[in-house]
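I've put the structures underneath this note.
You will see chain A twice below: alongside chain B first, and alongside chain C after that.
Right, the complex of A and B next:
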């Protein structure tokens, strides 16, 4: 049985079926990400004065990732253009570039996540806060039993508000060094994971969902680059349409990042 | 809407992002990044013109 309208234009819609299908799917994606963006805006405007973090994310890494995704959108388009021009070699090259760019993006995102999960805020019994990256802990370290010590690379602040805005000159000038804290001096301790506060929760949700989309898109693009490219020999027009459809999804994912980057990294 | 049309939207938004980042950098006191943002925006516009010429025979639908 032949699947209809994989290449020919369907008279009532004016496009081939796969394109209509992917646009319907993207419409549902807009609602998913739109809902999360709305949640972000409402949480942010509803935060208490000084209660929303600033400067917690690495703008340089975010900029590099933006550049990578922008380039990958271009290589996706060029891969489709190469298919239309019947240049299979060029298609292979541009799609390989897209895969490499996407994997680099995911590598940088993983590094950023690792950095956050390795970053601890320790509330001390004297009312101060020790904040920094985990270095080591003694073998008998147990927060519940109040035994042992933990060492972080960071600094100690008097007021929690000092940790909320890292763009201030005082925060930029803070001297970071290795600090060893005894478990008996710790009131509360936690890393900058999703449960740390509202910002990290929405940050991990939005960027995690986006990263999953990148991963899914990469797998599809890899399939079309590798085993799926056999269709080029039997039905090049249909294969070209497949590349267009995957390109539409990829562009959507890139567009989401164009909104995510300024909202999360620059504000 | 074809990939060509969607790419045009993408390029337009990327141009906006580049100039927006340039404005943010100037406001943050980083003139070097500000100039880089403007240069990136201009590059994206040049690329947009190039891609429109390259795909002039492809439909927007």
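Right, the complex of A and C next:
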């Protein structure tokens, strides 16, 4: 059975079917991310004064990822333009660039996640807080049995509020060193994973969902770059439309990041 | 379409993309500069400025890279409905942000 209007314009809509389909899909995606952005707004305005973190994320890595995604959006458009210009070799080149840029983005995101999951906040029995990255722990370290020690690279603060805004001059000036803490001195400890607080919860949810979109988009683009590109020989017009539709999805993913970056990293 | 016309077409896109990328580079730098500046007290003004710059970025991507500036009426109709519902969603959230049931607010 032939699928109608994959190349020809459908008279009543003015566009081919796949394009209308992807725009409707993107509309549902806007609602999905819109709901999560609403949750972010609600959590942020509902936070107690001084209770919303600032400077917890690496702005340099976020900026690099922003530029990588912007470049990948451009190479996606150029891949489609190359198809339109009947230059298959250039299409292959531009789409290969898109795949590499997307994988680099995911690599950096994974590094950021690893950094957060390796970062611990330890509430001490004397009321102070030790905060830093995990270095090592003794073989008999067991928080429940209160045995052994854990070593982190970080600093100790008197008040938990000092850990919330890392952009203050005091936080910037804090000296970080290796600190070994005995399990008997630990009241509570946990990493900066989604359970840490509402900021990390919404951060991991928003960026995790976005990263899944990047992964899905990369798989689709890889298919069109590899095995799916055989269609170029039999039906180049339809193949070009497929590239346009996948490109629209990719641009949407870039659009989401354009708001995620300032909302999470800069404000 | 002749071979020459095709080459010119791709060249035009490369030029357009270069301009878009340069603007994205500038707007991203402006957002970072605003974030680390000492404008206003607290974060309200900074957040407003940063989101305004992000909207310019989004317009560039949607308008030029997604060709939204020259799309068909049906696509605009779909997007108009989407914008309406997103504004409704966000508006209701912000409207209800401080509406805690009596005795449940912790601060």
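One rule holds for everything that comes next: the second predicted complex is superposed on the first by the 267 of 267 C-alpha atoms of A that agree within 3 Å, B and C clash if a C-alpha of one lies under 4 Å from a C-alpha of the other, contacts with A are read in each partner's own complex, and residues count from 1 in each chain.
FYI, a contact is a pair of C-beta atoms (placed from the backbone, for glycine too) under 8 Å apart; a residue touches a chain by one contact, two chains touch by 3 or more.
Only a predicted model underlies this, so the values are computations on that prediction, with no experimental measurement involved.
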Touched partner set for A:183, first chain B, second chain C, both or neither: neither
If touched residues of chain A are counted for chain B and for chain C, the larger one: C
Touched partner set for A:34, first chain B, second chain C, both or neither: second
First, second, both or neither for A:122, with chain B first and chain C second: neither
Chain B versus chain C as contact partner of A:156, first or second or both or neither: neither
Which superposed partner A:73 touches (first chain B, second chain C, both, neither): both
Touching both chain C and chain B, counted on chain A across the two superposed complexes: 14-15, 19, 23, 63, 66, 70, 73-74, 76-77, 81, 84, 167, 248, 251-252, 254-255, 258, 261-262, 266
Chain C - residues contacting chain A, complex: 1, 6-7, 9-10, 13-14, 17, 20-21, 24-25, 28, 31-32, 34-36, 43, 46-47, 50-51, 53-54, 57-58, 61-62, 65-66, 72-75, 78-79, 81-82, 85-86, 89-90, 93-94, 97-98, 106-107
Chain A to chain C touching residues, read off their complex: 13-15, 19-20, 23-24, 27, 30-31, 34-35, 37-39, 41-42, 45-46, 48-49, 54, 59, 63, 66-67, 70-71, 73-74, 76-78, 81-82, 84-87, 90, 167, 248, 251-252, 254-255, 258-259, 261-263, 266-267
Complex contacts: residues of chain A adjacent to chain B: 14-15, 19, 23, 63, 66, 70, 73-74, 76-77, 80-81, 84, 167, 244, 247-248, 251-252, 254-255, 258, 261-262, 266
Touching residues (chain side chain B, partner chain A) in the complex: 1-4, 6-7, 9-10, 13-14, 17, 20-21, 24, 28, 44, 47, 51, 54-55, 58, 61
